[in-house]
Structures are given as structure tokens and as C-alpha cells.
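Worksheet for the structure shown next.
Letters A, B, C, D and E mark the chains as written, and numbering starts fresh at 1 in each.
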Amino acid sequence: MDFTFIASTMLTLLKAVPTTLILFSLSIVTGGLLALVIVWMRTSGNPVLTSIAKGYIFIFRGSPLLIQMFLVFYGLGQFGFIRYSFLWPFLREPMVCAVLSLALCTAGYTAEIFRGGIRAVSPKEIEAARSIGMSGFLLVRRILAPIAFRHALPAYSTEIVLMMKSTALASLVTVWEVTGVAQRLISQTYRTMEVFLCAAIIYLVLNFIILQGMALLEYSLSRHRRAAPQALKA
Amino acid sequence: APAFSKDWTKATITLEGAYAPWNLTNADGTLGGFEPELAKVLCERAKIECTLVASDWDGMIPALNAGKFDVIMDALSITEERKQVIGFTIPYAATPAAFATAKDSPLANAAGTGATIKMTPGQTGVTEIDALKAAFKGKTIGIQAATVYAKFVYDNFGDIAEIREYKTGADRDLDLQNGRIDLGFDDAVYFANAFKAANDTLAFTGPEIVGSIWGEGEGLGIRKADTDLRDKFNEAIKSTLADGTVKNLSMKWFKVDVSPQE
Amino acid sequence: MASLELLGFGSTGWGALLIAAALMTLAVTATALAIGAVLGAIIAAAKLSGNLILVTLGNVYTTVFRGVPELLIIYLIYFGGSSAVTAIGQAMGYEGFLGLPSFIAGALAVGIISGAYQAEVFRGAFLAISKGELEAASAIGMHRGMRLRRIIMPQVFRLAIPGLGNVWQLSLKDSALISVTGLAELMRTSQVAAGSTRQYFLFFIAGGCLYLLLTSLSDRIFNGAERRANRSMPASAMGQT
Amino acid sequence: MPGVTRLSVRNIRKSFGTHEVLRGISLDAEDGDVISLLGASGSGKSTFLRCINMLETASDGEIWVDGEEIRMVHKNGRSKPASQKQVDHIRSELGMVFQSFNLWSHMTILQNVIEGPIHVLKRPRADCIAEAEALLEKVGIADKRHAYPAHLSGGQQQRAAIARALAMKPKVMLFDEPTSALDPELVGEVLRVMRALAEEGMTMLVVTHEMSFARNVSNRVVFMREGLIESSGKPDDMFTGGATPAFRQFIGHFGSGQ
Amino acid sequence: MPGVTRLSVRNIRKSFGTHEVLRGISLDAEDGDVISLLGASGSGKSTFLRCINMLETASDGEIWVDGEEIRMVHKNGRSKPASQKQVDHIRSELGMVFQSFNLWSHMTILQNVIEGPIHVLKRPRADCIAEAEALLEKVGIADKRHAYPAHLSGGQQQRAAIARALAMKPKVMLFDEPTSALDPELVGEVLRVMRALAEEGMTMLVVTHEMSFARNVSNRVVFMREGLIESSGKPDDMFTGGATPAFRQFIGHFGSGQ
């Protein structure tokens, strides 16, 4: 093992970590908000809204992010009406495009995850809420969302970790985050395994922190389920 | 790399099959282009039965060293960094480099367009380059990351222009069309072909740059241990250069001669 | 139009190659999902076992294979696996290089990753089963294995279908990364076609559409399975007032 | 204001698939009325209560609460309430205690009880807590107020569900077998609470299998059979003279057992 | 063989956290014994039944079923059964009807009933179905045999749960409030079934709030209070002369109400 090489690789890669973190946090927040809108449309019962949401989820879950990002970044500029519109100053920026396509993609997944959580809520508990006059947003905020979020948490933490790894694609649109920098180092040095191992350690540490945080959240939200009957184990 | 003595009657050559016109895939799945045709001649002369396989550019060099194939023939520039990990034959091609910009851009037809200048590694104070520096001040230049061309642009224009790195040349060309960047710098042979795909909305600007600044040129990549295989191919390349085979194929595929000049 | 011709089935059309590539993607993903189902069930069982060592091992597996970029795992198995096979071959007296075929290396790599995700899906579904129903099974003397087979598995399956649908999607897209092994799956074929013809948008959109086609086929299957599995449930209270 | 009609149901019908569970039920209840709803298992009692507060949508019929009709729209052969707002408002005046309790699993008992007053009725938190604690004291589970539903015994859950419904101070209460999980001592306790509520003028509709309740606490007994009201009347009339043969058979065990 | 001890419990203790729910309970039941377990809500009745078939592990004490002791191991202050196999075997001889029914939601009623006989007892499928249908007929829900639990009324679910337990033909049955959701007519029906089982020699331990059952069907009454057996004896003794003040207060309502 060539430790000076690994140390210098690590240093180079660490400098790209802030870029990765910015991409990650912006797209998680934007994607999460968008997902809420889509879930709302998907479960609204209005056939038009439902089909729009279904179509959205279908397209963004169904095609590779690489292709989506390519089309958003290189494709939108092909249209004159976009290139000469007020949007172009934003869309011109690689970072904006990268966050946009990451967020659009994760919103599709997150919407499905949230919907799964909602379906897991006991109909009896929803009925109890309706019977005292709760409905709409109040019902969602007080009963549905807390229970559904608790159910969705394991799947959602998976999605968050996936997003962390998906940021790797942003180098396609000239945002040089950790994986992009690693690939550039490889094409300069051809020491694939060493460089990738350094990158892997960085992602592993970042994701480990995220997963621990989510596990902590999961634990603190499941007080009502702890001390399960022993029949589970016996 | 496997260290057995081999008499090399058979070898596997890999290329990407997606880097037209150097190498490309036909719609029926067969490989074509400058390199596959040259490979056929080289193998005949070296008396080796060759198999061509397509593989991805990203994993090519590690896969060579892992033994998945024996030769890389994929417009692979001979550079010092690569020489650390694999061996090379002598070059069978060497290409000039140049700037490209949109045809209707104010940067089109910059000083020296149409001329050719020769440069050596680390050379400074070239008058043609200084003229370009003045013209390109404050502009954005797109390059393919981790190439000899990238290093050149950083060395000469890093202080006056914004530089944006792309994973592939094709991505950069699209952004040149989109107007996100003002200029691109790359292999001129590659560009000539790209202009056609862009419906001739792009054009060269400034002089073509040739010489040892781009290293020795493009050669076959072969595991360091396989010196006997390398020697066989070296002989074959010398003979194809000498009898004009390389030049003929080059004119057919590139419309210019890319044979390395002494 | 020239671009339509490029997508057609004639001598200059890429249609046949693209369709073959889509089938390859389907085959490699299905194999990977099957490998992942076996691994996922084992890991989920380990994580639920309550045995400290097994739980830790399970946690390490899911953390590492969810936390490390997929590309690296594919590289490790493609190159690392080949070295291992070659070493075994040499030990048995075979001279020369023995490769792990890219289909097997790719399916194995994506399968190992998908196993980590499936383990979480199974674990979540298990935890969602009503405790009372498990107790009722214990109370008539069902032993562990039977409880698993008769009560837990059918319900885990029902509760896991949406999650498995997601994992399938993930694996479908992870399979695109196998292109580094040179396997002619959909992503690589789209890229090769784009690079050879320089029609980048055309082939990326065509590739994207084929991925959507695969998705809609699999969605149909998963939805059908979900409907079938949910017939014992009351209509969800969601849609009503 | 005694004599005011709090609840009025006209000719309610409800089917599940081809199975018609309610086949035209009408009922009026005034201030302070305590009506016992008796009937065999599966006769549609729970379904009837669920229709009244719109947890099931009746396929036909009218429901009036406190002089206000729940407006319905009929479209493509399906009915639904015209205004969600009206439904929410009416529901907050209708309390319901479920046969299977339906406590919110992610909240403690106290949180379950204060949830509605704070978030639906928008009353001050401190008041709600004080009242909730008094209610929990009354039903005897004040010591469990910080426990989660999964950690309570059946009877404790049932009492929590009663407290949760009462905390909304509804004008009309719908009870679905509110004492099924309680021991005789607690049954007595809960019946005392209900009697006091009746005296304060609350209207109550109680599905029960507790004949002593039907006879001693309620002022009207309604006997359901196969989705219809077979007979109804004052408890004394029903349990002694005027009972139909079907009702007599139904209470047979009660009449003879002790 | 009357007089054989089917179930014997010695000094059982159980705590949840710091709360000691069972504080040393002993009980013997012979062939054909029908024991009523009475007690206030929260006194530990359900927990006691759950300890007997090991759904909760008692922290101390011995349990003998049909002359066989359930072997326990104690490690780091926690107890668990020594052999899972033994536990499974003993459980198949102990029937249990849960307070909250716990029907398997993914199976129809018939499937719920035949599941144990076919897969645990390994009996021929056709026989199991025939017997299951006869049982469902007996408890009056034969017409619901192809419905899923979520589509049944409370009383129907409870009867399905009883049929499921009986289908295992256990030597000892543990009932946790088996008639709580039933109307008087059905209560009479179910009690008749239980009496017949007792006559066939089945041993039964019944948590109930139905005093008429305790008095007329069972041959022993056990009164639990705060985790202890406060008093026990023959029904006639308990309900008339020999009752303790606490038990008298507990049944007060029953004694006076009617």
C-alpha cells in the first residue's frame, strides 16, 4: 500500500465533500417538498390530479437518473424558447440543473414511500379521528402524518442514502463532487482501486452518520411500540 | 498480469466502439472505423489471430491489467501517467488540436485561423497564443477532464478565462451549441467530425497546434510484462506507416493524414 | 426522417440491438433480484434474530452495501472476482486467465446490493405484522418455522410488495452501471449508439423510453400482486370522507 | 331546552356488496334521551352508528343532527356528503366510542384525550389537560395517563376510549358496547357516569348487550333484527308486557338466567 | 380419567418494568374443571392466562401441564423456556381465545379454523374442513366462512376465535372474556357449548365478567385482586355466604342491579 498516495488522494477528495453535501441537502429538501405535493395529488381522489401524479411518478421512477440529468442539462438548452426566457439565467448554472434533476427524481421515489406509509396507518385510527370531526389538513397533521412518517422512516432513510450516492452523477453536468473528482484522479493516475476505496470510505462515513441519525429518530418515534410482547421472540 | 510465457498466436483487442470515427459500432452490431480496419492489417502482419471486443472506456486500463484482454486500441494517447501503469507500442497516429466556437460567435475567425503552429512541452511566449489570450479574456472554455488538452488550457488560459471541465467531449460540444460556454478545445480530428453532427453550427477558431506538446501520439496499450507482444506490434506498425497503409485509412476516415510526423 | 430510420430495424437501424439490450437488462435485473431475495431474507432474519453477533453482522452488511457507491461494488466483483477465479484455476492446474463472465459478475454485484435493500424491506414488513396474530399462532403451538411459513411470510409478502417494487426499480437502474463490464445492456447500447452516430438526444430518449417500458411492465405485475394480496383488507379509510 | 330533537334519522339504508345490512331505519332522539340499541350479533347495530356519523355512507335516507340536515350529493349511483366542512362540524358534536376502541397508538392516553379538544375545538391546552385528568380520574385510569394504548389491559383501553369521546363534550354520544370489557364493578361505575350525563341533557345512543342497562338507565329500547327495527318502546313495556316474540326470545337468557 | 391434574401453576410472578402485575399466583385444575377467573380491570387476569401458555415469560414460578413441567432456564436475571419444542408441544394442548380475538387477517374464517389442525396437528384436510364447518355451524357463523376477518362484526369475530381454538381439541382451554361482544341470546348459546365441553372432560379457565356464567356453569370461582388471588371457592359459597368484603363489593352491581 502506498500511503502517501492514499493520503494525498484522500485530501483531494475531501475538498470535494462540501460540493457533495450542498447537492445532497438542497435536493433532499426540494425533493421532499415536491414529494408532499405529489402525494397529496396522488391521494386526492381527484382523477385528473391523480393521473398527473401517477404519470410523474412513472416517468421519474422509471428512467435512469443519468438520462434525466442529461436531458435536463443539455436538452433544455436546445429549445430556443427556454434559452431566451427568464429561466435561462438559472438553468444556465450547472449547480441549479444538478439539484433540479436530483430533486425531480427523488420526489418520485419519496412520494411512493410516503404513500406506502399512509397505507400502513390503521383505518380504525383514522376513523377515530374522523369521528371527532377531524379531516383534511388537521387529520393529516395530527394523526396520519405522524403514524405514516413513522412507518415510512426505514424506506425513507434508504432513499436519503441513495440520494447521497446519486449526487455522484452531477459531474456529468460539470459539478465536480467527490465521485467526479475521484474519476478524474483515476484517469490521471489509473490507480482505480486505491482512489475508489478512498471515495468509498468517504461515502460510507457520510452514510453511516445519516443512517445512525435516522435510526435514532426511528427509536425516539417508536416509544409506543417498545417492550413488545415476548411472543415475538419465543 | 499473468506471467506465463506465451507464443502469442492469439490476442484479444478491446475498443470502446462508440468514439467515431476512430472506432464505432454499426447498426448490425459489428465494429467499424479507423482502428478496427487498421487492427486487421496489424494482426495479419504480426501473424496473430485477433479478436475484437467492445468494452467501456472507464474500466479499460484496469481490465487490461486484470487480464480480461491483451491490447487496448482506443485512441489512447501515450502519456507519462499512463506509462506508469501499462506499456505502449510506438504511436500509429498523432493529431493536432484546436479551439472551436459557434459560427456566429464574435470569437469566430480569431487571429491565426487556418494556420498551423508547432509547440513543445512547457513552451511559453508563443505570439499566436498571446494573441488568443487577449481575444479570449473573460470567456468560458470547455475541456474534457484529465486530457493533455485540459492541461494545456489550464497552463495557458487559466489566468484569463473561466474553465469548465466535462466528462466527455460530446457533452462539451452540446453546451457549446447551447451557449453555456464560449469555446471548446480538443483534438482537431475529433472536432471536425463533431461539427458535422452539430449541423455545422460550430467552427474552428485560431491556429491548429501540433508537435510534441501532445506527447508522442496514440499507441496500442499492452501490459508491461508482455514485451514480446509489444515488439511484434511495433514491427507491424512500422511497416504500415512505411507503406502508407495508415495514411490511406486516415484519409478514408478522417479526411486528413494523422500519421505521426518525425 | 433520418432519425426514425436510425431507430428502425433496417440495415442502418438500431432497433434490433436496442431491443436485445432491453432484454439483457431485464435478464440481468431479474437474476439480481432473485439473488438479492435470498440474501435479503437471510440478512433480515439475522437482524431480527435478537442474537447480538447476527444483528451486528446484518447491520454491517446493510450499512456497507447501502452506503458504498454501487459502481465500486461492481468494480470489486468484476475485477476482484476475476482474480479469485483465476487463482482458483491456477491452483487446479489451469494456466492462464479465467474471467468471471460479465453477466454473472454484474448480476452478482447488483444482487448483493439489492439484498441489502430487500433485507430492509422484509424487516419493515415483518415489524408491521400485528403482534396479536403472531401470538395467536404461538398459542396453538405453531413452531418457529411454521409460524414463519404460514403466518409471517404471506403477510410479509403482502406488506413488502410496494417496497419490492421500489427495489426492482433500483436494481433496474443499478444494472445500467454494469455497462463498465462491457455487457451489452440497455444503457451501454444507448451510449454506443449515441457515440457511433452522434445522435445523443435521439438515443438517450429512446433508451429512456425503453426503460419506461420495462417499468410499466413490472409496475403492472407488482400492482396485480398487490391487489391480489390485499383482498383480505378493508377498503382503506383514506379515500372516504 | 328539553324536547328539542337532537338527532333524527329517516329511512337509512346500507349495503355491503349484495348484502343489505340496513334496510330502512328511522329514529328520533331528543335532549336527554338515552336509547338502548339491542339486537343479535350481525344485525347491523355498529353499521347503523357508523352511518350516523358518516363513517359509512348510507345509500339512502336522511340524517338530521341538531336541526341540521347532512347534505348529500348523489353521483353515478354513489352518495357522498356535499360539504366536508359540515360533516366535520357535525362530527365534532357527535361523540363516538368504538366497539374496538381505536385508540391512537402513537399517543399516550392523556394525549389521546386532549387531542380533539385542543386541535379540533381549539381550546386552551391547560384547560384541556385539567379536564382530561378529571375525566381519567372519573373512569379510574388516571395512573395510566402516560402509558401507550398497547400497554393497557382491555378494560383500561375501553375506559380511555370513553374518556376521549366525552372530552369533546358532544351533544349526542354514540356508544358501541361501551362496557363489554369491563367488570361488574366498573360497569356500575360507567353506568353511573352515563346516567349523570343524561341528567345534564346529553343525548345518547347506546349499543349494548347489558340488559340491566337497557332496563334501568335508558328511557327507550330499540330492538334491531336483520337490518330493521323490529320493535321499540319504553323499557318497562318492552321487558314485561308488550314484547314481541322475537324480542322475548332474544332476552330469553336474561329473563330466565338469574 | 377424572381427578387427573391437567394444569398446575405454582407461585407465578410477572412484572412490567417496575410494576409487579402478578405477585405470586398458584392454581390447580383437574379434568373437567371449569374455573371462572374474576377480577377488576387491570388486576392481571389476561396477563395470567398469557403466562400460562408462555406468551409472557413469568419471572418466577412453575407451570405444569398434563403432568409435565415447562422447563425454564434463568440467565442474567431473565428467564426463558429451556426447550422451544416443549413449549410448542404444550401450546398445542392449550387452547386460547384472546380478548382481542387476533384472527389472522390474511385468511378467511374457514382457513383460520383449519390452519392449526392441518399444519400443527397434521390431520387430513378433508376431516379438518368437515369438523371446522360443524364448529362454525355450532357458533352460528357458517354463512361467513369465506369472509375475511376485517369484514365481520365484533360478535362474529369473537365466535370465529372460539371456533379456531376449539378446532385444536385442546385438553385445557384458556378463555379471555369469550362472550364480551355477544348478545344475550348468543351468550346463552356459547355457554351451552362450554358446558357440553366441560361434560366431555375438557378443563377450562375462563376470564369473565359474566356473573351468571361464574355462578351457573363453573365449578370454581377465583377472584383476583392486584396480582393476587384474594379468595376462591365453590360458586355457591362465594356468591352467597362465604364471600370476602372485597368480592362482595366487586359483584355489588350484579347482586343488587336486578
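Just a few scattered comments:
By definition in this document, a contact is a pair of C-beta atoms (placed from the backbone, for glycine too) under 8 Å apart; a residue touches a chain by one contact, two chains touch by 3 or more.
Source: prediction; values computed, not measured.
Here A-B and C-E are compared, and the pair linked by more C-beta contacts is C-E.
Each chain gets a centre from the mean of its Cα atoms; the one farthest from the centre of chain A is E.
Our note on geometry: chain C versus chain E, Cα centroid distance of 47 Å, whole angstroms. Taking each chain's centre as the mean of its C-alpha atoms, chain B lies 83 Å from chain D.
Centre to centre, using the average C-alpha position, chain B and chain C are separated by 38 Å.
Each chain gets a centre from the mean of its Cα atoms; for chain C and chain D, those two points are 50 Å apart. For chain A, residues that reach two or more other chains under the stated contact definition are 74, 78, 124, 127, 130, 135, 192-193, 227, 229, 231, 234. Chain contacts: chain D has residues 54-55, 84, 87, 100, 151 touching two or more partner chains. For chain B, the set of residues touching two or more other chains reads 58-59, 62, 174. Only residues 50, 63-64, 66-72, 75, 79, 117, 120-121, 123-124, 128, 131, 134-135, 138, 159, 162-163, 166, 169-170, 173, 176, 187, 200-201, 204-205, 207-208, 211-212, 214-216, 219, 234, 236-239, 241 of chain C touch chain A when the two sit together in their complex. Taken together, the chain E residues at the contact with chain C in this complex read 50, 53-55, 84-85, 88-96, 98, 100-108, 115-116, 119-120, 148-151, 164-165, 168.
Those residues of chain C that touch chain E in the shared complex are 130, 132-133, 135-144, 146, 150-151, 154-155, 158, 229, 231-234. Across the interface of their complex, chain D is touched by residues 122, 124-125, 127-136, 138, 142-143, 146-147, 150, 221, 223-225, 227 of chain A.
Chain B makes touch with chain A in their complex at residues 58-59, 61-62, 81-82, 84-86, 145-146, 164-167, 171, 174-175, 177-180.
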